[in-house]
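Below is the structure I would like to discuss, written out as structure tokens.
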Amino acid sequence: MEYAVLPKSALGSFVDALRQYGKVIAPVAKSERHFAFEEVTDARDIALKYIPTILPPKKYFMPQYETLAEYDIREGQKLYPVVEVEHIVLFGVHTCDLAGIQCLDVVFSDRPKDLNYLVRRGYVTIIGLECNEYCDQYASCGLMGTFLPQGGYDLFFTDLGDYFFVHVGTQRGEDIVANFSLFQRAESRHFWDLQLLRAKKAEIFRPEVPVDRFLLPRMFQEGFEAKVWEDVGNRCLSCANCTNVCPTCYCFDVKDVMNLDLRTGKRIRVWDSCQNEPFAKIASGESFRAERSDRKRHRFNRKFSYPVKRYNRFFCTGCGRCSRVCMAKIDLKETIAQLARETGYLKV
Amino acid sequence: MMKAPKVAFFDFTCCEGCQLQVANLGELLLELLDSIDLVEFRETMSERWDGVYDVAIVEGSITTPHDVARIRKIRERSKTLIAYGSCATIGGVNGMKNAFDLEEIKRYVYGESAKFFETLPTKPVHEVVPVEYFVHGCPVYQPEFLEVLKCALLGIPYHVPDVAVCVECKFNENVCFYERGITCLGPITRAGCNSWCINNGNICYGCRGMVSNPNEKGFLEVLRQYGISLEFLLRRMDMYNACRILKGAGMVYEEKRAH
Amino acid sequence: MEKIRISHTGYEVREARILRVTRLTESDKLFELALVGGEILDFEPGQFVEVSLVGIGEAPISLSSSPTQRKSFELCVRAVGRLTHALHRLEPGDVVGIRGPFGVGFPITKLIGHDLLLVAGGIGLAPLRSLIKYILDNRRDFGRVHVLFGCRDPQNLLFQDEIEEWQRRMDVGFQCTVDRADPDWKGNVGLVTSLIPGIDINPEETFAVMVGPPVMYRFVIAELLKKGIPESQIVLSLERHMKCGLGKCGHCQIHDIYCCQDGPVFFYERIKNLKGAI
Amino acid sequence: MKKSVRIDVEYLTRVEGHGNIVIDVRDGVLQECRLEIIESPRFFEGMLRGRSIFEAQHITSRICGICACAHSLASIQAAEDAIGFTPSEQTVKLRKLLLDLEILDSHILHIYFLAAPDLLGVKSFVPLVDTHNTVVRRALRLKKTCNDICDILVGRHVHPISSVVGGFTKLPRPQDLEAMQKLLESMIPDLEATVELVKGLRFPEFERDTEYVALVSDDAEYPLLMGDIGSTDGVRLPKREYQKITNEFVVPHSTAKHTRLSRDSYMVGALARLNLNYPKLHPKAQEVGDFFGMNRKVTNPYLNTVAQLVECFHCLYHAKDVVEEFLHSGINYEEEIVVGLNETKRIPVRAGSGVGAVEAPRGTLYHHYEVDDHGRIVNANCVIPTGQNLRNIEYDMRKLVPEILDQSDEEIQLALEMLVRAYDPCISCSTHFLNVSFVGR
């Protein structure tokens, strides 16, 4: 069955049934405007309508603190590589975050492969959820074209009123559907409903900045010396919120932490950020991106230009988190627009 | 087996809360006592030691001529010195008095008896004697203290994180205060406390001191948008950082004084 | 949370035993090591390893010996931080962890058959020494060889004995200079750039290879270009903050390039347009 | 036998702060008897001026790391009083819980780390690690557990985070309440074992009747967080008139500001509270108190340590009751507040003057603020328990020294040190102490 439908009333028992595949993780409300992916035991806690969570689902693929290896100083310099895994089911992942996970997949499958990521990745089941409405003024999924599902899930749910339209993306998804009796085969009226929704979405989700997405890499190259970098650099506080909440930022630091017994310990990796002052500093004290403007430019280029060259995809998913969380109100769309204006790429 | 290093705690002007953080380690303290020889810890010990300290852990700020003389003596007898807690590392809350005229504040608190006093502008320990290690925080965050102690015992440097508290705050997935209309000193304050305060629903007060290169101008610009009086903002910024010259804020102080 | 132990994730280390420690200067030591178990470390000059001490961490360190010295390898380490200080405290018989070798070394196949101008600044001599020794061990594969070495002051001169030996050799031109001399110093004084104009080379035939601090590159490159050496024949090694060595952690990234995997050795041509690279 | 003694105990250890005892006896006559305080002055009251009333508790908590929660609570009370804010019932209950934990924690520290070594005849708890390992482990465990409960309730024990003007910035979730309940229960056996320990200790025999001062109230609850100020000499005043009680004055020879009420000196702290409010103690605490004969007016200051033990039981069981109640009734999370500098003006501010009076572990603690209509502190005053006790300690010493003059210098010194320590003086929190040149040196 490639397409199925699930009555909304069955969501509760579906979530219960999902537990056999692992801990069920879904968006829950932290405040009216703030959501987080957290473990849920009751489907009623799931926020079916939500705007992007504070942290993207990357925290389940690449945790903030992740053990790479363990040691015991009594055994000398031996280091035992470990991967910490857990079966989880991520329910309710929006398309922008699916795109983010795909980006991480690309990076960590690139040689040399990152087994910590890839092994853990295999333990995660992903159930996507379509955004029927536009989130808020910070999103740029229209520009990035990430508001429609483009793979990267085991199942994909679309909320169509009193039922979910479900697209099966993988064999694992297929198994889940087969194992839960309340799924029904999708019929033509269901497809029709879906089409209506998509047509409506096509009206709402429009490029937020009048630039040609495919010209963005060129625009960023040409705008390397643009004034906009200095502007945002002056305002940036280097708090690294933008990169920590970014679904595709994956930079990390590696360090050793000793357990409190002062004998055993682990080598861990911790999220790091190119926005942090010491990130590109070498022992002689020289920093290759000493200025905030250098760092801001680097961040944007790492979304719109460098990865296109290296991995042939954009690393911005349009989720808008970086703009939402910036206390200096540095806005992604405004920055792109200003750069486009300066470089002449703004469509009029 | 190496001889257990001699470790001693000393306190200067402070609330002694940081020492208490050690007592609060619980039974872990006993494990610690296995690997060190605690020779002085005034808060819970009467013993004295007159040899050389391998590691001297100094809490509190230097605020009197007597303090100055005492810390110099301790330094002479210590191979390694750890400044322990914000009072010692950056002056901490004691620094707030530096914003006042010392004579005036003495009279305010002690009235007629103010003349009995000797007091100096508050100084963090490293402004008086050289310091090898810093454990920031008011109070110190125990895991960081243990890490620093480990480094001190191994003789390797400890790098105090030079990134903002926001970093850890986001690791912990807190809702940012700025999104709720409240100001927070996280963006200019050194991380390392695991965003302790924000995790508990309060803002960051900047107890760990500022990052090495804060964007003070940009920060004041951000703060200005939240409808608090400039006086309160500056006072908040110097609650812990008064011993440091505020670059951006310095200008604003001048402006204020001119009025 | 379940923990799976796997033998190979890229973060595992091989143990290496220290055979010999030689103090070179106040802050530099040379370590001779061999992998425990007799395995041979296969590497090229210009590559580096991540040296690990449990509980302390890792740091990228260039291989300083020539791969022709099969049984052991050497690392020249300057004590600047956590790992390097801890290393300096170790003695023969002690064990460290090694990851790698990583990165792209000097393009030996391209260098073969050509004249060489090798320029080192400060600790940059450590990786370059690997190449120098390789060349000396395969002297007939190369044309004329000049080595220029600049260093802050005589106290910081690395590999003094070897330098004296190289200076005595007839088949390499070795020149050395210090920024600041002391009364005992008999040699050149001045920046390493000042030596370049005086070198007699055939620019078309010459490959220039340099390793040194970032500030050195700009000036040396200018001199080399003045000499007429084509951009495609200038090779340099870039030092960046590195954590994983696997092209992931992002610290060493310059534009779309990862220094640890795509470098640290680059042709000037490749990076000259990358702003911030040098 | 006539005797000359000069005792100068520099840096009295194991009290939180720096104090000296000076005793000068010549030919059997007591010449000098002083407790000198050489704590560096900290100027908290001065520094508070000009700051937002919403920051006061954060700052004044730093007066003392050992009773940070009490300072914070007194400060909040004074601040709320000044701006005319009435905390909710839930908030008050949680604050009482916090104060219970504070007193419990501090008393444990005192009994085990500061008093027990004296009574077991060793210099500090460190030698006890070998000789009395189980005792030390128990002490550390109790301390840690208290600390862990505070972590759950307010983020940390030293300088609580979530307890602020207006209420709490983070309220315990059901799982937090359960965890606290478990931890509290886990302390019971250890606390009972503490009774055994204290039973085995011998306290010096010494009596001196003085005036005992503590919070009093008309309801049935043992008053710690709220109430009027009362004394065993029959004084009763509302907290706003605290200055009539504390009468702070500077004594020429020394130390911190001293205080006096109906007599030359008065005592605050656990013993004072027991003397005033014994019948209101939790039944479990009364059981322990009865056993030690504390159910009468006790005038031996050394028994303050026993009074603390009795209060430990009260606080533990009271805390358990509070948590249990919340487990049943649930917590209203709507009350969770976001304050900061009151940017959102969620709490209305007006000019005024307010007093906070709470029972800190060592006695009644007063904070007093005057605030202008922008919420700016204009004047501040803090009176701390140790400051109130100092004079009483001196009077005790004057009575004690002649009684024990036949003992060796070492014994006298120890008896005096123990006396001072029995008061559990927290000198670092004495916000105004003087540093004077010492007489007779």
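We just call them A, B, C and D in the order they show up, numbering each chain from 1.
The definition used in the following text is that a contact is a pair of C-beta atoms (placed from the backbone, for glycine too) under 8 Å apart; a residue touches a chain by one contact, two chains touch by 3 or more.
All of these numbers come straight from a predicted model, not from anything done at the bench.
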item	value
Pair with more cross-chain C-beta pairs in contact, given B-C and B-D	B-D
Chain of greatest Cα-centre distance to chain D	C
Geometric centre: closest chain by C-alpha means	B
Approximate Å spacing (C-alpha centroids) for the pair chain B, chain C	41
Mean-CA-position distance for chain D and chain A (Å)	51
Whole-Å gap between the CA centroids of chain B and chain D	25
Chain centre separation (chain C, chain D; CA means) in Å	64
Chain A residues counted as touching two or more neighbouring chains	258, 278
Sites on chain D at which at least two other chains make contact	none
Contacts with two or more other chains, residues of chain C listed in rising order	55-56, 81
Which chain pairs touch, all of them	A-B, A-C, B-C, B-D
Chain D partner contacts - residues on chain B that touch it in the complex	11-21, 23-27, 29-30, 33, 38, 41-47, 60, 63-64, 66-67, 92-94, 96-97, 99-100, 104-106, 108-113, 116-119, 138-139, 177, 180-184, 196-197, 199-203, 205, 226-229, 231-233, 235-236, 239
Chain A - residues contacting chain B, complex	30-31, 33-34, 36, 54-55, 59, 64-65, 234-241, 244-245, 257-258, 260-262, 271, 273, 276-278, 292, 324-325, 327-329
In the complex with chain C, residue positions of chain B that touch it	150-151, 154-159
Residues of chain C defined as touching chain B within the complex	55-56, 81-83, 85-86, 89
Footprint of chain A on chain C - complex, ascending	1-13, 15, 52-58, 78, 80-81, 84, 95-97, 213-214, 239-241, 243-244, 246-251, 253-256, 261, 275-276
